[in-house]
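You will see chain A twice below: alongside chain B first, and alongside chain C after that.
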Partner chain A sequence: MQVVAEGFNAFETQKTPQGEVKYLGSPQDVIDVVQSGKLQEYILLVRGGTTTFLTPALTMGALGVITMSGAPESHLGILSREFQIPCVMTAYLTESDSRYVVGNTDDSHFDEIAQSLIGKTVQLNCDDAEVGRVSLIG
Partner chain B sequence: MTQTLLDKRLYDVLNAVALKKMATAAAVSEIVDLGTDQVREIFAELAHSDLLALMGETALPTDASGPVLVDSAAAIYGPIRDDPSVLQVADKFEDVNSRFLRTMSAWQQIEVGGRKLANDHSDSAYDAKVISTIERLVSRLEGLLEALSEKDARFRTYVGRFERSLEKVDAGDIAFVSDPTKDSVHNVWFEFHEDLLRTLGRARKE
Partner chain C sequence: MSIEMTPGLRSTYKQRYEPVDDGLRFQELVFEGNFVGQEPMRDGILGDKVQKQRAKSKVLEKVTKDDVLADQFTLDELNDLNNYLAWNIWDVLVMRATEGVSGMIPRQEYEILAFMHQFYRWPEILRMTTDEVGSQGILDIGASARREIGTKVNAVHDWSIGAVGFGMGRCGLLALEAIGPDDYIEESNELLKFMQRIEFGKRQDGYILNSQDRYRCQIHEPDFLQGIIDQIEDLEPESPRHNSFTRFNAAAELLSFLDHMDCRLGLGDTGPYELPNGNLLILRDLFVNEPIFHWSDVCDDAKLPHAYTVAIVIDPEKMGLQEIRVNDISTTFTRPKNYIPAIVGGAVFAREKHDTPMSEVRTIAIDDLGAELPRIQDATLKMYRKVSRMCRRDLIWAGQYVYYVDMILPYLRKAGTYEKACNEYQLWEIDQRVSNYYYDINKRGFAQEVVPQKIFSGQGYLPFGEGADLRRSKYRWL
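Moving on, here comes the complex of A and B:
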């Protein structure tokens, strides 16, 4: 499997969830995915560790989460540990030099990650103490 | 573009759902001064206005609810936003919040030889120390909660909720520290943080 993105690992786990990357950008996106009955087919991609509208998806049994900003100490990091949902935070593309910098990251950084991952089938590996990995499968 | 401005009753209910992210009428009724049937009626009204989505008994905020809450909060809480008695204590919140988040992580994970391992809660002395820190941080909110409660009595519900969850923890039910499915200290803190930001018209920091 090819590692396409890495980030902070919210917690160590042997779980290796697989699914199609689905971007959730708004509360309505969360409502739609929960109502679709397909929540467990997806790895959820969100912009930040403070993306609080994601909570219903976590409550309803999301498989795994990738964030493009935010720290393991954030609210979302805390929730992912409580729900034991693997979570790669502040993910960056391994083949790109673009990195998230607090308060100094323009939309192109997030767009590049989203365009590279949305719709792809990936696996999360979160068994490392510090680094969570996103790998392409299939 | 002119936005819908909610009256206080509708604001309180929609705000409560938005803070909880998904909630039943019974759960909202516990934190607003309305009965469950009244909340259910307001749910229907808000859903008719496309501000809530109803999934069975559970309500979720729609995309449209965000700007309506922002504008309504600005109208309702305009005077508070310039009130020095509130701002003086509110300005200290972010620092306390950062410490609270770090403490919650310490509750969930223990550092052993540079590695973070899940806290299995077998070390009662460690847990007691973290709980003590949590209680101290919650007590740091007293001044802010009091200042806000003098302007809007609904903020007093946070005082009772913190007390109840901490009493449960002290009685040995440690799930009330951070379990997201209970009215845990972390849940109450998180809702208060979001409520405070909306009330004062401030943005969340990363």
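Moving on, here comes the complex of A and C:
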């Protein structure tokens, strides 16, 4: 499998969730995906590393999460560990030089990641102490 | 980011408590703060050691009751506390600074408004509270945490008085150039004295912060703790009961974050307490229903208690525990990070109201948690819908209230001065200066770039000037 993105690993786990990448841009997107009954088909991609935005998805049992900012010490990192939902944080594309910098990251950074991952079927590998990986399937 | 950690499964965490040990590094970043030109500081036990070495006073060593009862810090003590809190804030929060925008709650914006509001308004309210109950009374409020669970007199609230109200509040106002380094020294003393007295009363070992004691918060009296331990049920990892317990913990934790506008005031960990068989106990208070917030009505409707307390027993050998930190914002971090599979026992308690007597705190059997969980999830989903429909301005002021009111609420409640603060000191009003800053925080990336950079780097915590007058407030608006 090709590793297309890497980031901070929220916690070490042998779980390797697979699913289609679903980008959630607004609270309504989160509500919609939970109400669709298809939550278990998706790996959720979000921009921020905070907890509250993903609340319904976390409490209803999301498979896996990729964030474009945040670290294991942030609220989402803590909650993903408590829920045992594999989570790759501050993910960056392995074939791109663009990196997230606190307070100084252009929208193009987030757009590039989203466009590269949305709709792709991926697997999360979070067995490393530090690095979480996103791999393309098929 | 790498961790200097001994490979292998054998637990080595007890080495962290040996005096010569410098602890693990949980992050690669370094801290300079006010120590310009000196060796940059590191996180964890090593950082605490260096801070103590560089201090000009003894305020970071074990202090005495007489020290704490004295009304006035010296200038060196104030600056040592300022430097220490700046490092401590960096130590516990800098990696959180990476989390970016929420997508729902404008947290950076509400935080900076609250910091500044606290610095302006808390001093007279805390002084009034001290006048009402006396200095010993403040120590007693801190000490009440030793025989309670489900109490907000806890590490994160206690730390917030000094680290947030004084440290980040002053730092934010300095960054905004609304004040100078020698303004509001008298008020700074008031905030730091209140924090020191609460913390000293709670810990009773002479230290005031968990980081000074290698990240331990072992505050409960042994006989009280035994009453909790007696309720613990064994849990077999990966069993349905283990899953039920960990899922309950996570769901209640999530609701406590949401009820406090994505803030850690909803959580409170104490420990780790070593049990006779070598396992470790963490006590975690989860405040799932804070009735002073109007959005918490959904928690009332779901008949949720004020707080659940989850007793978590971890087998350190099972996870090869290298270090465990119960930090000053009441959050437990471990290396390795995933302690959930190493949970081998647990218990759950419910405290209906903040002042429900300990004798009436009820134990919830782990087999009954399945019935408890849907009510938590119901309240969580309803609160999410409610919050997601709030406009940005309402969200910012709601979050501001969570910080500004909740961070001193437990002491005012215990002292019996909350109503007086509301009625005579207009606690829930917003100071006109802070109201005006609402517009400033959106300019030039102030909330999302300038303040985090100043706060997390430590550069913004300017020292009080040499020879500054300890009685000084702010006398000129020029």
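Criterion: the second predicted complex is superposed on the first by the 137 of 138 C-alpha atoms of A that agree within 3 Å, B and C clash if a C-alpha of one lies under 4 Å from a C-alpha of the other, contacts with A are read in each partner's own complex, and residues count from 1 in each chain.
The rule is short, and it goes like this: a residue touches a chain if its C-beta (ideal position, glycine included) is under 8 Å from a C-beta of that chain, and two chains touch if they have at least 3 such contacts.
Source: prediction; values computed, not measured.
**Student:** Once the structures are superposed on A, label A:55 by its partner contacts, choosing first (chain B), second (chain C), both or neither.
**Tutor:** both
**Student:** Examine A:8 and indicate which partner it touches, taking first as chain B and second as chain C; both and neither are also allowed.
**Tutor:** In the superposed model, A:8 contacts chain C only, not chain B.
**Student:** Between chain B (first) and chain C (second), which does A:86 come into contact with in this model arrangement: first, second, both, or neither?
**Tutor:** In the superposition, A:86 touches no partner, neither chain B nor chain C.
**Student:** Tell me the contact category for A:73 with respect to chain B and chain C: first, second, both or neither.
**Tutor:** Both: A:73 reaches chain B and chain C.
**Student:** Touching A:35, do we find chain B (first), chain C (second), both, or neither?
**Tutor:** Touch partner of A:35: chain B, not chain C.
**Student:** Identify which of chain B and chain C touches the larger number of residues of chain A.
**Tutor:** C
**Student:** Considering only the touch criterion stated at the top, classify A:17 as touching first (chain B), second (chain C), both, or neither.
**Tutor:** Neither chain B nor chain C is touched by A:17.
**Student:** Which partner does A:47 reach: the first (chain B), the second (chain C), both, or neither?
**Tutor:** A:47: touches chain C, not chain B.
**Student:** Could you look at A:103 and tell me whether it touches chain B, chain C, both or neither (first, second, both, neither)?
**Tutor:** Both partners.
**Student:** Taking the superposition on A as described, I'd like to know which of chain B and chain C A:64 touches: first, second, both or neither.
**Tutor:** In the superposition, A:64 touches no partner, neither chain B nor chain C.
**Student:** Which parts of chain A are touched by chain B and by chain C alike?
**Tutor:** Shared contact residues on chain A: 11-12, 26-28, 30-31, 48-50, 52-53, 55-56, 58-59, 69-70, 72-75, 78-79, 81-83, 102-103, 129.
**Student:** Per the contact definition, I'd like the list of chain A residues that touch chain C in the complex.
**Tutor:** Those in contact with chain C are residues 8-13, 24-28, 30-31, 46-53, 55-56, 58-60, 68-76, 78-79, 81-84, 89-90, 100, 102-105, 129-130.
**Student:** Would you pull the chain C residues touching chain A in the complex into a rising list?
**Tutor:** 1-3, 5, 92-93, 95-105, 107, 246-247, 249-251, 253-254, 257-258, 261-262, 264, 331, 333, 336-338, 340, 377, 380-381, 384-385, 387-388, 445, 448-449, 452-453
**Student:** Applying the document's contact rule, which stretches of chain A touch chain B when the two form their complex?
**Tutor:** These residues of chain A touch chain B: 11-12, 26-28, 30-31, 34-35, 48-50, 52-53, 55-56, 58-59, 69-70, 72-75, 77-79, 81-83, 102-103, 129.
**Student:** In the complex formed with chain A, which residues of chain B make contact?
**Tutor:** Touch residues, chain B against chain A: 21-22, 53, 55, 60-63, 65-66, 101-102, 104-105, 108-109, 114-118, 178-181, 186, 190, 194, 204, 206.
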